[in-house]
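First chain A sits with chain B, and in the next complex the same chain sits with chain C.
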Partner chain A sequence: MSAGRGGLSSALQAALGRAAGALVFPLVAIALALAVGAVIVLATGNNPLAAYRALAVGAVGSPAAIGRTLLNATPLIFTGLAVAVAFRAGLFNIGGEGQLYIGAITAAILGVSLGFLGPLAIPVVLLACLLTGFLWGAIPGLLKARFGAHEVITTIMLNFVAINLATYLALKPFRTEGLVPGTDFIDAAARIPTIGLGLGRANYGLFVALVAAAAVYLLLWRTTLGFRLRAVGLSPGAANYAGMSIGTSTVLALAIGGAMAGLGGGVEVMGVYGKMSIPFVSNLGFNGIGVALLGRNHPAGVVLGALLFGGLASGAQELQFETDVPLDLADVLLAIILLLVTATRLVELIFGKRVREMASGTRLDEGLAS
Partner chain B sequence: MAEREPTGGRAGTAGEAPVVLEMRGITKTFGAVRANDGISISLRRGEVLGILGENGAGKSTLMKILYGLYSPDAGEIFLDGERAEIKDPKDAVERGIGMVHQHFTLIPPLTVAENIVLGAEPRRGLAVDLQRAVRETGELCERYGLRVDPRARVADLSVGEQQRVEILKALYREARILVLDEPTAVLTPQETEDLFSTLKELVASGLSIILITHKLGELLGVSDRITIIRDGRVVDTVPAARTDERELARLMVGREVLLRVEKEEAEPGGVRLQAEGLVVRSSRGTVAVRGVSLEVRGGEILGIAGVDGNGQTELAEALAGTRPAEGGAVRLDGEDVTRLGAKARKRRGLAYVPEDRMAKGLVPDFALYENHALKTYDEPPYASRWGWLRPAAMRRRAAEALRAFDVRPPDPDLPARSLSGGNQQKAILARELSGDPGVIIAYQPTRGVDVGAIEFIHGQLLRQRGEGKAILLISLELEEVRSLSDRILVLCDGRIVGEVGPEATDEELGLLMAGRAG
Partner chain C sequence: MEELLGGLSPLLASMVRNATPLVFAALGGMFSERSGVVNIGLEGLMLISAFAGVAGAFYSGSAWVGLLFALGAGLGFALIHALMSITFEADQIISGTAINLLALGGTGFLMELVFGRSGTSPRVQGFEPVAIPILSEIPVVGRAFFDQSLLVYLMYAMVPLTYLLVFRTPFGLRLRGTGEAPEAVDTAGVSVARMRYYGVALSGLLAALGGVYLSMGILSAFTEGMTNGRGFIALAALIFGRWNPVGAAGAAFLFGLAQAFIFQAPQDVIPLEFLQMIPYVLTIVVLAGFGGRAVAPAAIGKPYRKE
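Up next, the complex of A and B:
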């Protein structure tokens, strides 16, 4: 193995080099966004340094803050993965929101009826969420493979169907009496427990999310199915030439994406709320698109992107508490970061071509061409 | 003038004529690549200047600079002795530079006259004066002897006629310098001859022409002088009358080149690939292959000649299984595989080198080892029974194959995109020929690759033939079909219109290719 070790360490070095290169671009975008944000804070008559200090304290300044950040990040990891898997296969999954709702209502219904199982209900219910998300995600895949319906349109439209379907189920057949309209609470023993350590409501769903990210990584880069999905995503022509079925890949990629978002919905219900109340949390699915873009559609990047999103959201609360800067600054910062990450030509203008090459995973224009 | 004085060709006419265009010390760098490195050329009134170079030598970059598409990093352009800074193509056109691109820029549903005046329409009030457009187009055709009907729709024209429309478009805008980029790539031999006689008439009337090509033989017949470019530099400028193909090839490649392929007598065995009454639709839904039957025996190379777009792509894909056949049958070693997909046919020993390496043959952003396993990624030793990949095995096998096929650099972790065209093609060959296939379909196997790679690829195909493989060679390069094939079928409008031997003349083949004989 002595010869092998040399090869291994050089491969490791190359991998680390790639990872560093991959980080440069988002970091540049974040730095630029902070600079622009500073100008905005100045314009509101506040001190940018104080504002950013409050933002940082609110995001990571205490165990409670870290717990909030992790809590916010958990569902975004799932919805980010939902977008990333599909994107690697050359597809835009805008249906994360609806897929999350499908998983959430699945957990809300089954969590109550299987509550007698106690902790055993957790894996069973989560598997069911995975399955319903998978099936829901397969619908736009089938529509595309069979009839050529563009997945952007169908996933968007299916969001409305899913949200209204889940709302109907939670408000009519499965409604219970209570102050907040929605389903009944799941038995406490059948919920995902919190981590503790002063991290507040942060729960073990985070670890489910990390496992999901690792699973997506292994799927994409270590299995034959992932090889096929990536080949189809990068070059449908070559995939067809090699005898791969593009239709099957399309269905599977969107279905696996749906499964991720569905699992995310299940974790939200089982870990945070214990029930599906109406109105339910919104925009987790849509923010997943931003998380995936920021994370360059790589599972590890998705985790980092979700942490940034989650951190900015929890930091913004402290910001509003400590200064006169409105909560919306966090949204503005996120918007600018995403703008810079996706508007690769803009950054190229500022920093030259080299930086842009590092952004290759976020090229919207290439994906849209098909 | 640093270069040799032109005396040959149609010397005397061009020798003393004034220089209309001079490009001096043109340098252009893209990233780490110096595409043009101090290139100087000059063009005289009434001459045809041939620019010869391999793919990637820098010809296109130079012409894009002339046409204002790129601005040079260094160097100057002089038009009629005056320094000119060409800002964009519009500026180039106004200065009398016309460009006929390899891929036409015509609008098929419009008429010839409409296409020609487009963007410079004669007007009457606010409306386009179509009658005047037709009249002026007619006059232009008359003056230069370019026969096209101004009222015909471009979609109904042959490729040769469309090219004439492109030339007329430039002439309508009063071009004095006409640049033609690989104009013969889409033409039959007869159409090529027509084009060249047109070009001779044009220069006789005072135009100056730059002809860009990588085909040696053509340039000798039509140019006055030939400038050879290699690796972004001018190697030499020679009068056409004082050189020959051998010298040009040596200058272009930088070493002696085998122009003719040496091959032994074929020893055809049993039929290994067979098509019977094959009917195939194109992606646009039209019937592109109309009942093709053919047989390829072990130990022979069957060539398919034809002009681009006559059903070659659909035929190759239907044989390989990447496109369904509408009718007819395909048999591999006697087994009917018509209903089988590409993977199943590959497993039965069919190798397929597609015509478009960047869109089909390779996933450009995959590493070479992933591309090497593109068709076998889910089989041992690359995958376990449960569908786990074994990248280490992929890397090891790829490294061996890349070295065996002289792919440079032979690093399996490089993305396919980063290789030159010739090395990409060799990487495809390495994949397709590994696993000892019995039947090989090679479609344009040397398109756009350098002469060294052509030699290598041709050698590999002949070696496979010697080992008893059945090879179907589909190519748009007549020379390639003729030098490699044992028999030649001519494909025209989706049908086989004739079979000839490799000794057939250009004329014979050309008539068949144009569908005018047999």
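Up next, the complex of A and C:
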């Protein structure tokens, strides 16, 4: 990045430098993960090049493949945002999984009976998912602000509670007759339509996700509230000294995160499945952690990260079909990426000391119960 | 009275079975956290070891070979966490989360490769209950505590051993020092990184014992995702027990008792889903009640860089 003196203006140069810097950690993590993945594929007796080719074809090789990638990416944008908002406020939200279930069961229950609202059904049900996710997300916030219970453990525990709660609702009071255990199909008025264009089941939920990402960006970087959340995240002591309440920030950040994941659950039910069957999709919440970290907890990065992970997931189906590499390779790659993406020292060894500052926005370095 | 005691013995036995993996994992977490490294990856360490134990027993026909496989897997995965968080200075919570996802995806991947199926593995030779003469004859508690798998007896022994190691040996002193004041340990000429590697490695071995007990002490088969949050409950037990082996084991038994109630409670009165919430809700209540006041090792979570 050494443009001449008379070349780029210094502001643009600085912006480009920052953007390039922001990409160093994710790109190194992805490259190393693919290399490790190649070794794993070799160990299974397959050709890594053929495997990665199948992965790419499965991810973006045809309109149907692109549709699958977009379909997979949509919920990950929401759960990635759920992690990112909290992270910016200095909190680690591992509760996306449960928050997504809460939103999903909300949509599955309300979607059946709110069809009479006609064109208003979709926004009203989505708003309800946003609200239930917000309230569920506020619980670990309150537990931390009020009692000092660390959010890493409480959000994980609340996942199990939420999954059991949603399962109970879908299997007992709201269960429908039928072979597949779960709720009834929601009203057609509450179904989010598919995009078409040969993209298969990809639906307009994707645009809801993009709007959510834009909203999170505006909230965090263009409002006073967002400034407060980030200030508390960067330096709780200084923010507190400046008169900002750490407790309020904690509750709001986790609640807004919960709202994002809840919205994601609603979009899955309204755009993809039309109902909540048990067992419901799993790991979307956990994979959101990888998406957020890879995207450096920035909404634009989250969208890119979700597209990458969505592509990995749809590519893995083709991979399992073409070779005998199990489709779980996608999950393994994702875990390796997550393992590497904050490895400051590793990237430093490769690129030298100056990349150290580029790691900002990806670390909490705060112990349990501290 | 007779009837009451008759129901108590199975409940206590179930408590011991549920507490055992939690005690192992909590003791493991203690070594790691006492050295200054958060180990949120206990869940994954247990899961990969549970799988490796069954795979080892499947290939060899021997439960002991399975145990060796499990210890190797637990140690290997723990060393990945150590390499990332100690040497490469990755965020410890994120590295631990990645270990959990790696174990989850990795066991799914290996289930297909090793057993050619997903879900549950074939049954293998496990660690059957062995009744201890005389002790197992004690009314009510005898059968519950002393007619269990060998791994349970190992767990009983581990609690005092761990206590002695941490609080009564030079190694324990250095380990605790590394978690509280790494600069001081460094100044005294002890390598902070090496002590932390020891701490994380021990956590891998102990979590492996917990994992192998799940898959070979209770069921004799591996099921995907079978740890079901136990690694996190063990972390809560560790915090509740204030990073002390005896306290952590006590807390683990409390959580084990809560899990035991799930199988004893009348399901026609309380829906199963609500019973299943109990251990998780209890964990939250315990953390909210006591977690805030518990004081973690001072240097926990922070990479140490020698200047």
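In this section, the second predicted complex is superposed on the first by the 341 of 370 C-alpha atoms of A that agree within 3 Å, B and C clash if a C-alpha of one lies under 4 Å from a C-alpha of the other, contacts with A are read in each partner's own complex, and residues count from 1 in each chain.
Simple rule for what comes next: contacts are C-beta pairs under 8 Å (C-beta built on N, C-alpha and C of every residue); 3 or more make two chains touch, one makes a residue touch a chain.
Note that this is a predicted model, so its numbers are computed, not measured.
Contacts of A:Leu225 after superposition: chain B is touched, whereas chain C is not reached.
In the superposed model, A:Ala56 makes contact with neither chain B nor chain C. In the superposition on chain A, contact is made by A:Thr167 with chain C only, not with chain B.
By the touch criterion defined above, A:Leu135 lies against neither chain B nor chain C after alignment on the C-alpha atoms of chain A. After superposition on the shared chain, chain A has more residues touched by C, the comparison being chain B against chain C. When both complexes are overlaid on chain A, the residue A:Ala242 reaches chain B alone and has no touch with chain C.
Contact with chain C, but none with chain B, is seen for A:Met157 once the two complexes are overlaid on the shared chain. Looking at the shared chain after the overlay, A:Val36 reaches neither chain B nor chain C.
Of the two partner chains placed by superposition, only chain C is touched by A:Thr342; chain B is not. No residue of chain A contacts both chain B in one complex and chain C in the other. By the touch criterion stated above, chain B contacts chain A in their complex at residues 31, 321-322, 341-344, 346, 352, 354, 356, 359-366, 370, 373-375, 377-378, 383, 387-389, 391, 413.
Note for the complex: chain C touches chain A at residues 33, 38, 40, 80, 84, 87-95, 97-102, 104-106, 108-109, 111-113, 228-229, 232-233, 235-236, 239, 271, 273-274, 276-277, 280-281, 283-284, 287-289, 291-297, 300-303. In the complex of the two chains, the chain A residues touching chain B come out as 14, 221-228, 230-231, 234-235, 237-244, 353, 360. By the touch criterion stated above, chain A contacts chain C in their complex at residues 40, 44, 92, 94, 143, 146-150, 152-154, 156-161, 164-165, 167-168, 171-172, 283, 286-287, 289-290, 293, 326, 328-332, 334-336, 338-346, 362-370.
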